[in-house]
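Reading through the C-alpha cells given below for one structure.
Chain naming follows the written order as A, B and C, and within any one chain the residues start at number 1.
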Amino acid sequence: MLTTLGDLLRYNIEFRIGAILVGLVAVMAGLSLASPYSPMDTFLVAPDLPPTLTHPFGTTSRGQDVFWHLTFAIRNTLAFGIVVALLSRLLSLAIGLLSGYKGGWVDRLLMSINDTFIVIPLFPILVLFYFMLRDRMSWWVLAVIMALLGWAYDARLIRSVALSLKHREFTHTGIFSGMSTREILVREHLPYVMPIVFATTMNNMNWSIGLEVTLSVLGFTDISAPTIGGMIYWANQHTALVAGVWWWIAFPVILIVMLFVGLFLLAVSMNEHIDPRSRLRRMGAGGA
Amino acid sequence: MESRAPLDCDRAARTRQQAEVALCVEDLKAYYRTRHFGVEREVKAVDGVSFEVRCNEIYGLAGESSSGKSTLIKAVAAAMRPPLEIVGGRATFRFLPGARSLNQATASQLAAIRWRKLSYIMQGSMSVLNPVRRVRCSFADFASRHLGGNKAAFQVRVRQHLELLKLDADVLDAYPHELSGGMRQRVTIALATICRPDFVIADEPTTALDVIVQKDVLDMVRDIQGEMGSSLLLVTHDLGVHAYMAHRLAVMYGGRLVEEARTPELFSSPQHPYTKHLIASLPRIGVDAPRIGLAGSPPNLAAPPSGCRFHPRCPLAGDRCRREMPTMIAVAADHRVACFAVAGAGGTA
Amino acid sequence: MTAPLIELSHVSKTFGAAGGFSRRRVRAVSDVGFALPADVAEILTIVGRSGSGKTTLARMILGMESPTAGEIRLLGKDVAQMHGARDRKAFIATVQPIFQNPFEAFNPLRRLDEYLFLTARRFGGAADRRQAQAGADAALRQVGLSLAEVAGRYPHELSGGQLQRTAIARALLARPKLLVADEPVSMVDASLRMSIVNLFMTLRDELAISIIYITHDLATAYHISNRIIILREGRVVESGDARTVLVRPQHPYSRQLKEAVLVPRFPGPSSSESESPA
C-alpha cells in the first residue's frame, strides 16, 4: 500500500497536486486543536480588521479571528463530508453487491427502493427536515439524513458491475470451493468494485459538502456550530461584501475550492491506479 | 476419411508464378515496451524473423500462445499501436517496393492499399460487419470507399462475386446477427476478396467455428485463392488446418521461426524437436498408440531463456543450445531448420 | 443394487426468449438420458457443435441450471430438490467442475493458492493452514505440479496448461466422485493438451473418478473415452462405446462430423502411425 502511494506521488502529477491541496486543508483542520480562541465566542478581538500579521486572515464583524475560526469550520465540514461518504458507501456497496449477485426478487425489491430514492428531490426534503427538527438539527443528524439519501445512484453502478461478475467463471470456482455468498461478494467481487467506490466517494464528499454549504448559507442548519457554510451565512447577514469585509468570504471560499479540486484530482489519479485492468497491466498480465 | 487433394493442381504453372516474392520479411524484430510507474518491461514478441511468401501460394504460420505470431501479423500489416514498436528488420510487400515496412507508408498510400492490394480475414467477423446495418450496406460502403465507380456496376460485381463463392444472394438483405457464425465469416471473406487483392492475411479465420463449418469455410478460402492467384498468409495454431490448406508451412516458437518446409515434407519428416513433438502428440481417430504432451511451459517473452528459446523443454538440449541462438539453415530443398542438434544445420548430432 | 452415480432421464431444457410478449422458445436440450455407474469409474464424452446444447447439459449436471423437464439424480437424490446448505455442500463434495477458460477460472486479482487452501479446509478435511498446505501440495503433485511452483502466484504468471492443472488439483481436493469438464483443453496450447487429456485417464484409472468430458474434438475423445454421446441441436443422435462409434459411425450426422475432422495426411501408411515421439 505504501509503495503504491509512493509510486503515485513520484510519477503522477495529478496525485501530487491533489495530495498537496488536500494536505493543506487537512493541516488547517488540524490546527484547530491549537486555536487560542474558542469558536463559539464572539467579540474576542477587534472587528472588521483586514489581514495583518497578528490576524493573518483578518477578523469578522462579529469579532472573531477569521483564521482560527476557519480551522474549526473546515474541520467540521470535512468531518461531515467523511461521515456522509462512509455511511452512504456502506449502504450502496451492501445493496448494490447483494442485488446484483442474488438477482430474482431480492434484486427487484431492492432496485424499486433504489429508484424511489433516486427520484426524491433532495433539496425540498432537506428543508422539510430542517423545519421539522429545528433545534435538534445538529450536523450529525444532517449527516445521517444525507447518507440515507445519497446511496441510491451509486448502488446501481455497483450493481451493474456485480451483474457482470456473477457470470464470470471464477465466481463459480469460488462457489465450488465452498465460499458463502458473503465471502464471494467481499473477496472476489469487491476488488472490481473498488474503483467505482473510490471515484464516487470523492464525488459524494463534494456533493454533501456542497449541499451543506448551500443549506447553511440559507440558514437551514445549526448555525452555532462553525462550518464553512455557517461562516458564509454570517458574512451575508452582516453584508460583508457591501461593507468591504471581503476576507470573511474569500478565505472560506478559497479553502473549500481547494478541497474540492484536491479531492477530484485524488479521485482521478487513484482511480486509474486501482482499476483492475491497469493493475493487471502493471503486474504484467493481459495481452501482449 | 475423405478430403480434397490440396496440392496436386497445376504444378508447373504455379512454380512459374511462385518464383516471385509477394512478401519479404527480413530479421523483423517487434517488441512491446511498457513503462508503468517506473517499471520498464520489454517483451520480445517477435525477435528476428525472416521468411518469404511467394505469389500464388498459401503460406502457413503455426504457433501456440506466446509464439509471437499475432504480433508478427500486426507488425507486417501495419496494424501496430504503442506499446508495440518495430525495433529492427523489414517487411516489404511486392506492391509497395520502396518502403521498408508498411508502417512507413503514408496515409494515402495505405488507403490505396487496404482491401485492394492487401486485405484481412480476422477471427471476429463482427468487427468488419456493422451490426446495425444490413450486409448489403457494408458492401455498398466498400464500393464508395475503395472502388469508386457507379452503383449499378458495383451491384452486378457483388452478385457475381457471391455466385463465385457459392453464397446465396439474399444474404445481402440480412443483418449480421441473423446469420450464423459460419455465414458471417463467409460474408467477411467475400468482402475481403471482392477487390481481388494481391495479398490476404488470415488470422485464425476458423477458430471460433465448429468442425463442419470450418471445412466449408476453408474450402471457400482455398477456391478463391486459387481463382485469384493471390498470396495468402494463414496464421493459426491448428496444425490440421495447415495440413489441409498450406503449400508451405513455418513453425514459430518464442518469437522466432524454428522450422519451415513444404507441408507434406514437414509432416512426414519434421526435423526440429519441437515440431516433431507437436506432430507426434496429435491424437487421431483409429490410432491407439499413447500420445505424450510436451513438458514445461511456453517461454516468458519478457525474460526469455538464454540461447535457443526451446532448450528448457528440449530432450536434445546441449551446452551450445544454452549459450547461442540457432539460425534458420537449409537442410534440404525448401526446408529450413533452426536447431544445433539437427545434422546439416550447424550441429554435430 | 446401488444407485448409479449420476442418472439423467428425459432431461429437457427450454429457454424462453426475452420479452414478455415473445412466444419464441429455444429448446436447448431435448429428452437426453444416460447414466454413469457408481462402482466403476468411466469417462463419458459428450460431443457436439457449439449450440448443440452440451454446455447447457453440463450446467444442469453441475446444478447451475435446472431442467424444464426430466430428472437428474445424483446417487439417487434429485438434484433439483437440493436446496439446503447441507445438501449443497454434499453436492459440491461429489461433483466438481473444470471450466473451459483456464485464465478465467481464477480471479486474476487473487493468488491461486488461496482457492486450493480454501477447498482443502472446507471439503478436504484440513483443520489448519499447515494441513491445508500439505493437502494442496499432494493434490498438485497428482497433476504434475507442486505447491512451490504455484504458491504466491497470480493466474497470469502461469501458462494455460499449468492453470488448467491447478484447476483440476483444486477440484481433486474436494475428493469428488465426478468431474464435469466442459471443453477443458480447447483453450490450452496443442503441445500441452495431451498431458491434461492423459491426466484425465490417470484420474479415472488410479483415483476411480468418473469424468464427463465435453468437447468438440473427436480425436481426444477417441483417445480417452469409454462411452460417447453425440448431440445435435439438443438431441442424442448416437451413443455407445466410444471407439466403436468413432471408428464406424452409424448416424449420418456422426459420419459428417467425423469427415470434417482435418487430419494431416502422412505419405507412407504405417510408419507415421507407430512413430514414437522424439
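Keep in mind that, in the parts below, a contact is a pair of C-beta atoms (placed from the backbone, for glycine too) under 8 Å apart; a residue touches a chain by one contact, two chains touch by 3 or more.
The shown structure was predicted, so the numbers you read here are calculated from the model rather than taken from an experiment.
Path length between chain B and chain C in the chain contact graph, taken as the least number of steps between touching chains: 1. Farthest from chain C in terms of Cα centroid separation is A.
Which two chains touch most often is answered by the contact tally, and the pair is B-C. Between chain B and chain C, the centres computed from C-alpha atoms are 32 Å apart.
Chain centres here are Cα averages; for chain A and chain B they lie 54 Å apart.
Chain A and chain C, compared by their mean Cα positions, are separated by 49 Å. Each of the following residues of chain A touches two or more other chains: 284.
Shared interface positions of chain B, i.e. residues touching 2 or more other chains, are given as 66.
The touching residues of chain C, when paired with chain B in their complex, are 49-50, 158-162, 189-198, 216, 218-220, 222-223, 246-247, 256-268, 272-278. Of all residues in chain A, only 168-170, 172-179, 187-188, 191-192, 276, 279-280, 283-286 touch chain C in the complex they form. Residues 64, 89, 92, 96-97, 99-101, 104-110, 115, 118-119, 121-123, 154-157, 167, 170-171, 174 of chain C touch chain A in their complex.
Of all the residues in chain B, the ones that touch chain C in their complex are 1-3, 64-66, 181, 210-215, 218, 237-241, 243-244, 264, 267-268, 273-274, 276-287, 289-295, 297-298, 315-316.
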